[in-house]
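What follows is a pair of complexes built around chain A, which joins chain B in one and chain C in the other.
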Partner chain A sequence: MTDYDLEEQYARLLRDYREGKGEAQLYGAQQLGKQLLARNVSPEELADLHGRALERLGPVPEFVRESFQILTEIMIEYGNAYRSIHSWRSRHQQLESEIAVASAMQQALLPQRLPSCPGVDVGLVSVPAKQMSGDYYDFVCHDSHRFSLAIADITGKGIPAAMCMSMLKYAIDGLGEMELGPADILRHLNNVVERNLDPSMFVTMVYGRYDAAVHRFCYATAGHEPGFLYRRAEDRFYDLEGRGAALGIAPGSTYEEREVALEPGDCLILLTDGVTERKVGRAYFQREELVSYLQGEVGAPAQEMANRLYRRLLLLSQFELPDDYTMIILRRT
Partner chain B sequence: MDLTITHTSNGGEHVLVLAGEIDAFTGPQLKERLLPLVNQPDVRSVAVDLTAVEYMDSTGIGIFVAAMKACRQTGCRLVVERLSPRVERLFRLTGLYERIVPRKGESDEWRNDLRPM
Partner chain C sequence: MTEPYSEQVNIATEADIVTARQIGRNMARQLGFGTIMQSRIATTISELARNIYLYADSGTIFIEQVERDSRVGLRITAADTGPGIADIRKAMEDGYSTSGGLGAGLPGVKRMMDDFFLESVPGKGTRVIVVKWRNEAGGGDPG
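Up next, the complex of A and B:
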């Protein structure tokens, strides 16, 4: 459509409106408005268009014609704002598409499959609060009965956290080949994080190795929210504690290794603080409350248990996920 | 919820009293006050009073970690005092507590220690 056609269409709309004011003409104006927007007609051009269309309908009093100069001048300011929003919007779209690519790359860093070893059932729920996640997890199968796992929380969210995650992933992959124990892995990772990260960023992590031949889990923690050990024989939850500073806080930190043995029906529940840190109304969710939720779901297969807990906790915070959420459940069958 | 920061000083000794919540929204406010302060050559010590901080997340810990690392360069003494149980748990969990909260009766010679744990 040429500018002339547009002017013609506008004049016709005005004429129709003068001859019979009705819903149809107003609807026509709305449609024309959409066309004008699609063609990037600026507010000052629109004022001008209205003036020219009026001229086509008949003689226009001098003062009315002159008044359009005032309107056009004012509309120039609106036009400037309109153009800056327009350029902002296209930059925003570009950023959105870059973030979508980064988010897909981040997903590719996470394992696509859960380990499958005889006698241990693994469940996982990991949901980012925004497009990019600050939670990290990894599973590495060593042989038919041994696998390692990592669960970590990187301070902050978004792109910086995602970049840190890729660094962690490659460092862990490199260390994985050296057959180190969990404490040594954390010691090495601490040095990598300490040297390469912004001083205000740090990472909390649990790194552990499960041996399904003897059903023992050997682990070390770096400043991470303690997980839980469920003892079926006692029907009780214990904190899966450990000592060690978060990665990136101080150079040369060392970590201690602990080991737990799982009996049939026992569970290990590892989580990030997105699981525990939530507000319920005006109060903060307590760890003891989480235990009562765990208690309600224990006994189900690991994946089902993780899914149900996620749904119940999401319901509790009225379907708002304030932080990245990750829970890993290991259950000895 | 907001964070309010009250800053008093006596010579080279500064005190920041914080009230409210420290999270991703209010964190930048604390960072902009604390980091330039510990980097000033004439500032000998900064004590941060957390009595009225009801909530803090890992953003807050990150700011104290950055300030502590800066103190290691400048020689400024940074201490955090009067933590609520919830905030204290976070400091202990991340391993920052031993490095930034002075033990009772500890002398003024105490320095932010980055010794391995």
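Up next, the complex of A and C:
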């Protein structure tokens, strides 16, 4: 369609409307609007088009004609905004593709396999709320019966949290070779995070080591949401207590080590606050309610239990995941 | 075709901005630009002159007819001895300025014109040169 055709079509629409004033012409105008947008006709060009179409219909009072000059001048500013959308769009696409690459890199930092030690069954579900995750977890196998694990939640979400996560990963990798206990690991990590992270950010973490020869879990906590210990003999859940400041809050923080022994059928459930922080209808989900959900799934193998809990909790919050979600389950078989 | 000519306006007050716009619009009309392009040229002059008015002690708008490869166009040069633009890339980003501040409309000006040149030395001043070439239809689509 040429510019002339467009003008012709516009003039016809105006004429029909003047004669009929029908909804059909208004519908036609709406459809024409789509065509104009598809052809990148700018707001100022449209104002001009309207003026020219008016002239075709008959004599136009001088003042009306002149008034289009005012309209055109104003529309140029709208036109500038309209044209800038194109550059915003291409910048947006570029960012999206960069984030996709970063997201894949981040996935590569997470362990690809769960530890397998005799007598202990491990399950994991970790789902980011957005493309980039602020949750971190790691498993390191030391020998045939001992492995370490970390679960952490970085304040904030998205790209800043993901950048912090890669720092944690490198720091933990470096410390892993030194065979330190959980409290010492947290103490070192705290110094790394405190020195390198923006003061407004911090990291909560549980770091622990499981020894499948004696089925003891030795751990330390840095401001992290308490996990759960399930005692099968009593069929009861206990909070996995621990004290210590979050990483990055203050230099020189120290951490205390605790140890629990697992009997057959006992479970450890470690989680990030994305598991507990969800809205159910208009109310917030309570930790006690989570216990009742855990209770319902506790007999299953660890991975199955983790999967089922994720699905049930997601259903509960109407498939909305406002925060990164990570749950690790250790179950002594 | 009229003889090539040029005009210069010193920018010190908002009235000078209006004068520069008027001269630019008249020259554009004489060169055969369509009404929308006349308005876009006036808007371009406005934006460049406003940056001088708001941020520099003194500056000028120079408008001239140019010819190259049998094409005719209008060239606008805005030069000032103001503080300069510290981060040119930032000033050229869409959305850098929200309320007509520094770099106001520079990305918009770049899109409305065909050629765009900008140099700025912090502490010394800024020079922006733009050209709009007249096409056969007398208008020209900014794309």
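Everything that follows uses one rule, which is that the second predicted complex is superposed on the first by the 252 of 333 C-alpha atoms of A that agree within 3 Å, B and C clash if a C-alpha of one lies under 4 Å from a C-alpha of the other, contacts with A are read in each partner's own complex, and residues count from 1 in each chain.
What we mean here is this: contacts are C-beta pairs under 8 Å (C-beta built on N, C-alpha and C of every residue); 3 or more make two chains touch, one makes a residue touch a chain.
In this text the structure is predicted, and so the values were computed from the model without any measurement.
In the superposition on chain A, A:42 makes contact with chain C only, while chain B stays out of contact range.
Of the two partner chains, neither chain B nor chain C is touched by A:25. In the superposition on chain A, A:166 makes contact with neither chain B nor chain C. Once the two complexes are laid over each other on the shared chain, residue contacts for A:88 go to chain C alone; chain B is not touched.
Within the superposed three-chain model, A:72 lies in touch with chain C and out of touch with chain B [touch as defined at top].
In the superposition on chain A, contact is made by A:80 with chain C only, not with chain B. Once chain A of one complex is fitted onto chain A of the other, the partner contacts of A:251 are limited to chain B, with no touch recorded for chain C.
Note on chain A: of its two partners chain C and chain B, the one contacting more of its residues is B. Once the two complexes are laid over each other on the shared chain, residue contacts for A:103 go to neither chain B nor chain C.
Applying the stated touch rule to the two superposed structures, the chain B and chain C interfaces on chain A have no residue in common. Those residues of chain A whose C-beta lies close enough to touch chain C in the complex are 40, 42, 44-45, 48, 69, 72-73, 76-77, 79-80, 83-84, 87-88, 91. Touching chain A in their complex are the following residues of chain C: 35-36, 39-40, 42-43, 94-95, 105, 107-108, 111-112, 142-143. Taken together, the chain A residues at the contact with chain B in this complex read 153, 155-157, 198-202, 204, 222-226, 243-246, 248-254, 273, 277, 284, 323. Interface residues of chain B, counted against chain A in their complex, comprise 24, 31, 55, 57-59, 61-63, 65-66, 69-70, 86, 93-96, 99, 114-117.
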